[in-house]
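First subunit A sits with subunit B, and in the next complex the same chain sits with subunit C.
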Partner chain A sequence: MKKWWWKIALALLLLSWPLLTMILMPDKTYYDYVASLVLANVCIAVGLGILMGYTGLVSLGQAGFVAMGAYTVGILISKAGFDLLSALLVAAILCALTGFTLGLTAVRLKSTYLVLVTLGFGASIPHLLVYFHDLTGGHNGLQVAGATLLGLPITSGKQFYYIILGVVSLLVWCAFNLTRSKKGRTFRAVRDSEIAAQSLGINLMVTRATAFAVSAVYAGVAGGLLAPLLGYLGAEDYNIMASLNYLIMVIIGGASSLWGVMLGALFFVVAMELFSNSPAGMTLVFFGGAVIATMMLLPRGLASLPAVLSKKRGALRGR
Partner chain B sequence: MRPVFIQTIVNGLATGAIYALTVMGLVMIYKTTHVLNFAQGEKAMLTTFIAFSLMATPAIPLWAAVLLTLVAGALIGTFVELAFVRHVRARGATEGTYILIMLGLFLSIQGVAGYIWGNDFKPFPRIISASTIKLGGVVISLEALSILGVTFVLMLMLYLFFQKTRWGLAMRALNENLTTALLMGVRANRIFLITWGIACAMASIAGLMVVNITYLHPGMMLPVILKALAGAILGGFDSYPGVMLGCLLVGVMESIIGVYISTELKMVFAFALITLVLIVRPSGIMGKREFKKV
Partner chain C sequence: MDFLSIKDLGQTFGGLAAVSDFSLEMPEGTVFGLIGPNGSGKTTVFNCITRIYTPQRGRISFRGKNLLRLAPHQIIRAGIGRTFQNLELFREMSPMENLLVGQHIKYRAPLLSCALGLPGLKKKDREAQMRGRQVMELLGLQEYLGKPVASMPLGIKRKLEIARALVASPALLLLDEPASGMNERETKDLQESLLAVRAQFGASILLVEHDMSLVMSLCDRIAVMNFGRKIAEGTPAEVKIHPEVVEAYLGKGDA
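Coming up: the complex of A and B.
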């Protein structure tokens, strides 16, 4: 296979990124921060990709899980003195349980109605965060400081980058294995035909709820990883528009391929940073246009671009 | 009953009526063309901004501004059908594709409005006076009454349109069975265009009603469309009376929770209750049960 060398190149690039930025731009930590942001978003997008592309369920409330992870980790670290890893574990368990419960409602509902339930979940979380302001800081936000890893304090952006890289790589590796496992095939069976899957003895309820739990864990862990890096959490940052952002990544990248989903996350974060100084509304117009263009011209996302291009080239050659 | 309670109910009904107005066009488009128009609220927002600019022009009288806004709504609707939906339909798209295209439109329209008019909160000139009427001990705002009145008249017109006109009949036929309708000589493309036009003109009326109770802002329709959609699904998406009932219920529920429990938890309770109802009755209160053939 020709594929193995670019995987090694990617791994090398990811591992040496902080060193590269240190050599090329020693006075800037911005590029480490953007890279960490890309990795965290890759994690959320992969979770949503498993839900959308592999199980055929749409969630418009992923930001709710991201907020849950972020606030759990933030509160545990800064108020209860937890270690980052144990705080992440608690966040993951909490998100898994919530995701599973939310997924249980998916069984009886049509896809359009399920969109509404997840939308409602996503819309409710910021309100709940404001309501429980004693714990979360409400409108004033939550300061997250003093994160430690295995007892050692984490101080620089580069350290955060490596921690995020480690956790996200592990989760992405799990995602690839999941999609090739028996459970992953059950997900796809349910997506392609509920009735056929049921007739093969697949439990629809458990399968869908599990898919939801998995995507919730990915979102929650990413949120938890970002919490100490951002240092400040605001309830309004996790509204419906944030949930839509994750959907945009998955759509532009192509939901049915994990590589595509990751590409979508990269595209989104980089474009977002490039647009950070543009006039009001231009970012939304760009991403809105990108989503429409993707759906009309490339329904399977960026992941299908090479195949589509080689087909076109073949057609030109008169094959 | 205590006057506060009755006031809460009336205000809730008015809010619910706004939800019904907002979502009725969406349901109409969904039933005829099977496109879940997620961007319906944003179209209402865009036309309200257009109305804002028209009303700021001294040469245009109020009635002309409202009329032009309706025309603008209809034009935007037909444009969306012509430019995006028709092309994708010809390729045989699924409902999911439509939803995602509408999502793209949702973002783009919000962006365009923010770019042209800015992202700040603007007060909208009052169309309906802020005076109140006293009935016994109950104070009812003229706004609430006129919103209820407008909704009632529009719903009546919509009912007559569907039952008594050829276009309405054609829309119902397309909803029932596309292929049969085509064989019976229904000009599907033309009817789709008319559906989009009427539905988006209705959205612009909804926008003018919503802006009476909030400020003018590119994000103003998002909470409205969320709860409107919830109401429609609660009542049953495939029945117009069901949609109306569901929206009124959501409005009243929200109003009661806001007054007696907590304003911050309005959304949370509303969605929790709707989810519970949907688990018991997956097709909504008045919706038809669905059966799948294997």
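Coming up: the complex of A and C.
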């Protein structure tokens, strides 16, 4: 019962957020923007959580998929007059195919080598974006303007917030379904024992590539949702550091819990915004420390905090 | 048609012949024992059958199908399930989830149906849980249904692995040392379970095992390996008195 209240409260907060900011801070749109940013990062982190926590594969190239989604949507909207939803669909398909292919090439590789393949992919994307400057604007960046939803122009940050909330909620719901389904069990089987999974008829190659495709779609859609909100895309924003940030969210939150990775994304974005005025290097120091602290105190991330606390309390009572 | 047929199997690892000129004909419906001292190549034979290894020489066919042309994940579809010498349970999953993964080939689950949580798929999941529960009961595992895998005693883990292989209803079950690390009572219990499995599922069993009393009481036929070669084959009574077998086991105290 308690759980239900908690979820309803969260839903109400998310739905009423733009109204709250309007009442409390009528002249600021900043908090709507931060909330949109949190939601988009939640989406990316959930995709990476399915890959890392459930399938046991690490990707250091998620920013590449985010960029792919962002530029696809950005170009389709501002140069080809696409509607936001159809542009997102194209971005999702493109990312799924790329993710699947990357997953296939990575299938014979494990751990370290796989990380290097994804790293190479992630590192190459900003350069490709600069190389195809006719399409992407290269170093000058890409202006994204004139986004429409079902033919209606999207004008305010609050409207963007609700669109992002809708799409991300749908994808998070899908992620919960997926992890509780047969496919989710297949992912976890590959993570826990490759040899046993194979002996039961699971194709390792296809399963891994599918997990990659799923994580790529989540990253790409999030990138695509942010593109019109940001209004400007720069190739350098999608570098290795960005990929590392997504990794940090998932590790701090706890990779094998979807609530955990979402919490990690919230923590990361909020902390990033709080630190936006501090010296550049200090942010890195903080997150480095946060990752180390998480690994030492909560190896399963923020998601395991309630369980760890109740265990501690139980131990105290036992004494 | 032949059931399991292995001809002139050969596998070397860095100059060491793990298996050489190994042939075996296993008829359907039998419990076949594969025994031999440590390092005699039994598990290598298993891993060749299940395509973990690709043998350098020889042929393996099952019901007329050339197994060497299959990928490891296609072996169960050909009708061969297995367990592992060093347990390979999905440790982060519940026992029931282990048995659901065991039924991987029983029904399809397209990605989109999974993501949308379609009711048709959930119905199939429920049916799979029913089958899982039946097999758990057959093996006397029902009290462990809700327990985490990591906390189970070894004997129960081994049985769960057998259950996981069984839920796919294989025609041939490969058991790699199911009684290793078990005490006498657990071994006795396992023996009864395997007899129940045989009666219920009609699965043929190829058994690698060190526990002589288990092998002798369970198997219809036994092949003995030493240094990668088959040194004897016959009924338990024949094998027991075979001079080369006695020699191979002498001083080991097993036979």
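Keep this in mind: the second predicted complex is superposed on the first by the 317 of 319 C-alpha atoms of A that agree within 3 Å, B and C clash if a C-alpha of one lies under 4 Å from a C-alpha of the other, contacts with A are read in each partner's own complex, and residues count from 1 in each chain.
In the analysis below, contacts are C-beta pairs under 8 Å (C-beta built on N, C-alpha and C of every residue); 3 or more make two chains touch, one makes a residue touch a chain.
Keep in mind the model is a prediction, meaning the values are calculated, not measured.
> Looking at the overlay, does A:22 come into contact with subunit B only (first), subunit C only (second), both, or neither?
Neither: A:22 stays clear of subunit B and subunit C.
> Should A:128 be classified as contacting the first partner (subunit B), the second (subunit C), both, or neither?
first
> Applying the touch criterion given at the start, work out whether A:185 contacts subunit B, subunit C, both or neither, answering first, second, both or neither.
Only subunit C; A:185 stays clear of subunit B.
> Taking the superposition as given, does A:14 touch the first partner, subunit B, the second, subunit C, both, or neither?
neither
> Would you sort A:195 into first (subunit B), second (subunit C), both or neither based on which partner it touches?
In the superposition, A:195 touches subunit B and subunit C alike.
> Regarding the shared-chain residue A:203, is it in contact with subunit B (first), subunit C (second), both, or neither?
second
> Scan A:174 for contacts with subunit B and subunit C and give back first, second, both or neither.
second
> Contact-wise, after the overlay, does A:89 reach subunit B, subunit C, both or neither (first, second, both, neither)?
Neither subunit B nor subunit C is touched by A:89.
> According to the contact criterion defined above, which of subunit B and subunit C contacts more residues of subunit A?
For subunit A, the partner with the higher number of touched residues is B.
> Identify the overlap between the subunit B-contacting and the subunit C-contacting residues of subunit A.
195
> Taking the complex as given, what residues does subunit C use to touch subunit A?
On the subunit C side, the touching residues are 50, 52, 71-77, 81-82, 84, 88-93, 97, 100-102, 104-105, 107, 109, 111, 113-117, 121, 124-125, 164-165, 168.
> Going by the contact rule set out above, which residues of subunit A touch subunit B in the complex?
Residue positions touching the partner: 58, 105, 108-113, 115-117, 119-121, 123-124, 127-128, 130-131, 195, 240-241, 244, 247-248, 251, 279-292, 295-296, 299.
> Flag every residue of subunit B that touches subunit A in the complex, lowest number first.
36, 84, 87-88, 95-97, 99-101, 103-116, 118-119, 218, 222-223, 226, 229-230, 233, 237, 262, 264-268, 270-272, 274-275, 278-279, 282-283, 290, 292, 294
> Quick check on the complex: what are the subunit A residues that touch subunit C?
174-175, 177-178, 180-186, 188-189, 191-193, 195-204, 210, 214, 256
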